[in-house]
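As written, the chain order gives the labels A, B, C and D, with residue 1 at the start of each chain.
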Amino acid sequence: MTIPTSLTETVAKLRAEVCLLHSELTRWGLVTWTSGNVSARVPGADLMVIKPSGLSYDDLTPESMVVCDLDGTVVDGAHGPSSDTDSHAYVYRAMPEVGGVVHTHSPYATAWAARGEEIPCVITAMADEFGGPIPIGPFALIGSDDIGKGIVETLSGHRSPAVLMRSHGPFTIGKNAKAAVKAAVMCEDVARTVHFATLRGPVQPLPQHHIDSLYDRYQNVYGQRSTPAA
Amino acid sequence: MTIPTSLTETVAKLRAEVCLLHSELTRWGLVTWTSGNVSARVPGADLMVIKPSGLSYDDLTPESMVVCDLDGTVVDGAHGPSSDTDSHAYVYRAMPEVGGVVHTHSPYATAWAARGEEIPCVITAMADEFGGPIPIGPFALIGSDDIGKGIVETLSGHRSPAVLMRSHGPFTIGKNAKAAVKAAVMCEDVARTVHFATLRGPVQPLPQHHIDSLYDRYQNVYGQRSTPAA
Amino acid sequence: MTIPTSLTETVAKLRAEVCLLHSELTRWGLVTWTSGNVSARVPGADLMVIKPSGLSYDDLTPESMVVCDLDGTVVDGAHGPSSDTDSHAYVYRAMPEVGGVVHTHSPYATAWAARGEEIPCVITAMADEFGGPIPIGPFALIGSDDIGKGIVETLSGHRSPAVLMRSHGPFTIGKNAKAAVKAAVMCEDVARTVHFATLRGPVQPLPQHHIDSLYDRYQNVYGQRSTPAA
Amino acid sequence: MTIPTSLTETVAKLRAEVCLLHSELTRWGLVTWTSGNVSARVPGADLMVIKPSGLSYDDLTPESMVVCDLDGTVVDGAHGPSSDTDSHAYVYRAMPEVGGVVHTHSPYATAWAARGEEIPCVITAMADEFGGPIPIGPFALIGSDDIGKGIVETLSGHRSPAVLMRSHGPFTIGKNAKAAVKAAVMCEDVARTVHFATLRGPVQPLPQHHIDSLYDRYQNVYGQRSTPAA
C-alpha cells in the first residue's frame, strides 16, 4: 500500500501534529525515557501516523514519524514504528469513531493498573471528563492482538476514553490525536488526585445522577458558551 | 452594557494582569491542560475580566481575556468566558471587598475536597496565611448559582481566603487577582505539606491563641517592616 | 552603623551571591511564592546580607538585598529585610563559626516538623551530610528571640546543620551561605526519601559506628581526593 | 599509566558523552546538588572516564571529566574523581561486559534501599527492562572494595541491570554509559510506580512465565522492528 497522492498534505500535517503532541506527554510528566506513544488516524484512508520505536523525545521530528496501514505494516518511514503499533492499529480497525490513540506508563495511572483497581469517580473533574470510573482492562501480553482486543472490549460502549490495562498502564482514545492526548493527561491528573484522596481512608463515589448531569453538561456545553455577535 | 470609556485603560491593564497571572497557576503546578481560571473585578464598574473557556495556557493573550458583567454576560471578548464565570460573578456581587477570584483543581487541595475534610491548621505558615483551617464548602453542581452561594456562605466572616468545594476543588478570593492567586498557591502548598504530615499519624492543630497571634502579625506587619529613610 | 569603606567590595560580592543563591531554593523546589530566605554574614563586621521581605524570587536583584547589623537593624537597602531577620541575626550573634543561614518551608521537611518528629538517620547520605538524625527544635513564635534561641540551643554541639523548628519548618546553617543552602537542599532531599521509606513500615536507623565512620569520611575526604601533579 | 595516543579521540568522545549524560540525571530528577555520577569504560584499555568530585552539574564540561585506570588512580584530569570511583572501578575489573556504571540517590529507589526491600516485578515495564525484581545488595561502607563487591555479587548472573545497595541507593550497569543511565532512569520510574501501587495494599507479582516472555521480547525485538527497504 502507498499513500494516495490526494492525502500527501493531510499526512504531512498529521506527522507534524503527532510529533508535536509528544511534547505534551513530556510536559505533563506522563513518560520516561522513550516510553509512551501517540498516533493519529489518517482520515479517508486505512492509514495511521505513529511514533517511531525507541527514539528519544528530543530527537522526534515530523519526518521521523512512521505511516502504517491498519494492520501495522509500515507504508512510509525511515524508522520502525512503536512497539505498540499493533494495539493502536487494532483500535482503529474496530472503532471507526476513534481518530487518535495514546499509550503511556504515567506513574499514578499505572499504579492503579498494577493493583487492577478502577479509579472511582469521586471528583467532579472525573465526572466531566470520564463520565464515571476509569475502568481496568484485562492483562494482555504485547505481540498479539490481545492488548488491542482488551482496549476495545473495555471501552466499547463505555463513556471513559481511558482504560487501565492491568499490570501495564493507560491507553486512551479520542476523536483525534489531541483529544486522546488530553484524555491521557487528565487520566494521570485524576489518578493522582484520587490516589492522594484515598490514601487516608475510603472516599465516597459521586451519586450517579450527579455524574450523569456533570458529564452531559461538560460534553455538550463546555468551551462553547455563546459569545457576543461582535 | 458596554465598557465605559473612562475605564478603557483600566480594563486593558487588567486584561494583561489576568493573562499573566495564569502563568503562576502553571508555574506552581496548580492546573492541568485547561483547568483553572483567574478573574479580576474592574474597580468602579459592575464588570470583571476572566479567562476564556477551553483555551490552552500557551495561547492566552491579554486580548483573549473576556470582559463580563456581574451576571456573567459577555461585554467584550472574542471567546466565550470560563465555564466558572457564574461562580466568579456571584462572589463579586455578594462580596464587595473581593477584587479577585481563582479556581483550580490543584491535586493536594482537591484530595482534601474529595474527602470533604478541612485542612487542619498545624503549621505556622497556615496560621499566617489562612488564620486557621481551610474550610470545606458544600457540594454544588455547576450551571446554577449553587457554587457561588457555597463559596460566599463558607467564606463570609471566615479568615481563610480559600474554600475547598466538596468533591470539586479550591476557590480562593483576594483584594485583587494577585492576592487570590497567592492564596491558591499557598492553599496547595499547605494542602501538600499537611497531607504529608498526616499520612503517618494524627497531627495536633496549633493552639488557637498561637494561631491568632501569628495571623494578626502576618496580616499587619509582614512585608512592611520599616526601612531607613534613604 | 554604616558599612565600612574597606568592606564595600565584600558587601557587593555578598549581595550578588545571596541573590543568586535564592535561585537554588526555587530550583530544588524548597520555596513557594515568597517564603524562604538566605543570608550571609559579612566577614570582619557585625553585619549580614539578607533577602528583602515579600519580594518575588523573579524580582530579586543584588541591589535589592538588604544589609543589616546583627541586631536586625537595616544599615543599607531600599526594602525592608526578611521577616525572619531577627532569627538570622540571633544565630550570627551566638554562633561565630556560622557564615550563612537559610530558612524554608520545604514540604517534606516541614511535614516532619509538623509532627515534631526528628528525621531518623536511615541512609548513608544522611550520615554523610548530617552525621545523625535531623533534630526537632522547640515551637517558637516569630517576633521575639525565641526562634533564634531555639535554633542555637538545638544546633549547638550538634553535628546536623539543619533543625526542624516544631510546627514551622527547617532552618539550616553553614560556614557560608552556599553551605547553608546546600544543607537546606539536602535536608529536603533526605526528608523526602525517609518519608517515602517509612510510609510502608518502620526502618532501622544505621548503627552509630557506621554513622560516625561515614560522617568523618565525608567531612574530611569528600571532594578533596588527591589529583595528579599535572 | 598514560592514555595511549591511539585512544586520544575515543577518550575525547567519551568525556563529552559522560559529561552530557549527567544532564539526564538532572532532567529525570535522580540527583540533588552534586550527588550521583556516571562513568564509561574506555574500550581497548584498562581506563574509565568519570565525573569529577563535588562539582555542580552546571559546571561540568567534557574537560572536567576525569580519566582513571581501573584501580581508580587518576591518569588525566584537573579535578579529583568522584568519591565512588573505587566502586565503579571494581565493577569494570570484575564484569568485562559492562561499559557504563551509574550511581544515584534517586528518592524512590533509595526509599526501597532504606527498607532493604527488593522492588517486586508487578508491572510489564519492569519485566521488560529488569526481567524480574530489582534486587537489594548488601550494606557496605564507602572507602574499601565492599561496595564494588556487593554490586558485582548481586548483579552477576542476574537479569537486572540495577541493584539497590542497602541503606544507600541504586547502582546500575549497562553495555555502555547510556544504557546504564537508562537503567537508572527506569529504576527510579518503576520504584516510584510500585511505591504508589503498594501504598494501598499488597500487589501480586506477575507470573514468572509472563515475565520471561516480556523480558525476552523486549531485549531481542524492541526498537528493531523491520522497516521498509526505502
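Note that a contact is a pair of C-beta atoms (placed from the backbone, for glycine too) under 8 Å apart; a residue touches a chain by one contact, two chains touch by 3 or more.
Predicted, not measured: the structure shown is a model, and the values here were computed from it.
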Determine whether chain C and chain D, two copies of the same sequence, contact each other through the same residue numbers or different ones, counting it as same when over half of the numbers at the interface appear on both sides.
different
On a CA-centroid basis, which chain has its centre farthest from chain D's?
B
If you average the Cα atoms of chain A and of chain C to get two centres, how far apart are those centres in Å?
45
Just how far, in Å, is the C-alpha centre of chain B from the one of chain A?
32
Flagged in chain B as touching 2+ other chains are 199
Can you name every chain pair that touches?
A-B, A-D, B-C, C-D
Quick one: which bits of chain A touch chain D in the complex? Just the residue numbers, please.
32-33, 35, 53-54, 74-81, 83, 85, 105, 107-108, 110-115, 139, 141-143, 167-169, 195, 198-199
Contacts from chain D onto chain A in the complex sit at residues 28, 122-125, 182, 185-186, 189, 192-194, 196-197, 199-201, 203, 206, 210, 213-214, 217, 221-228
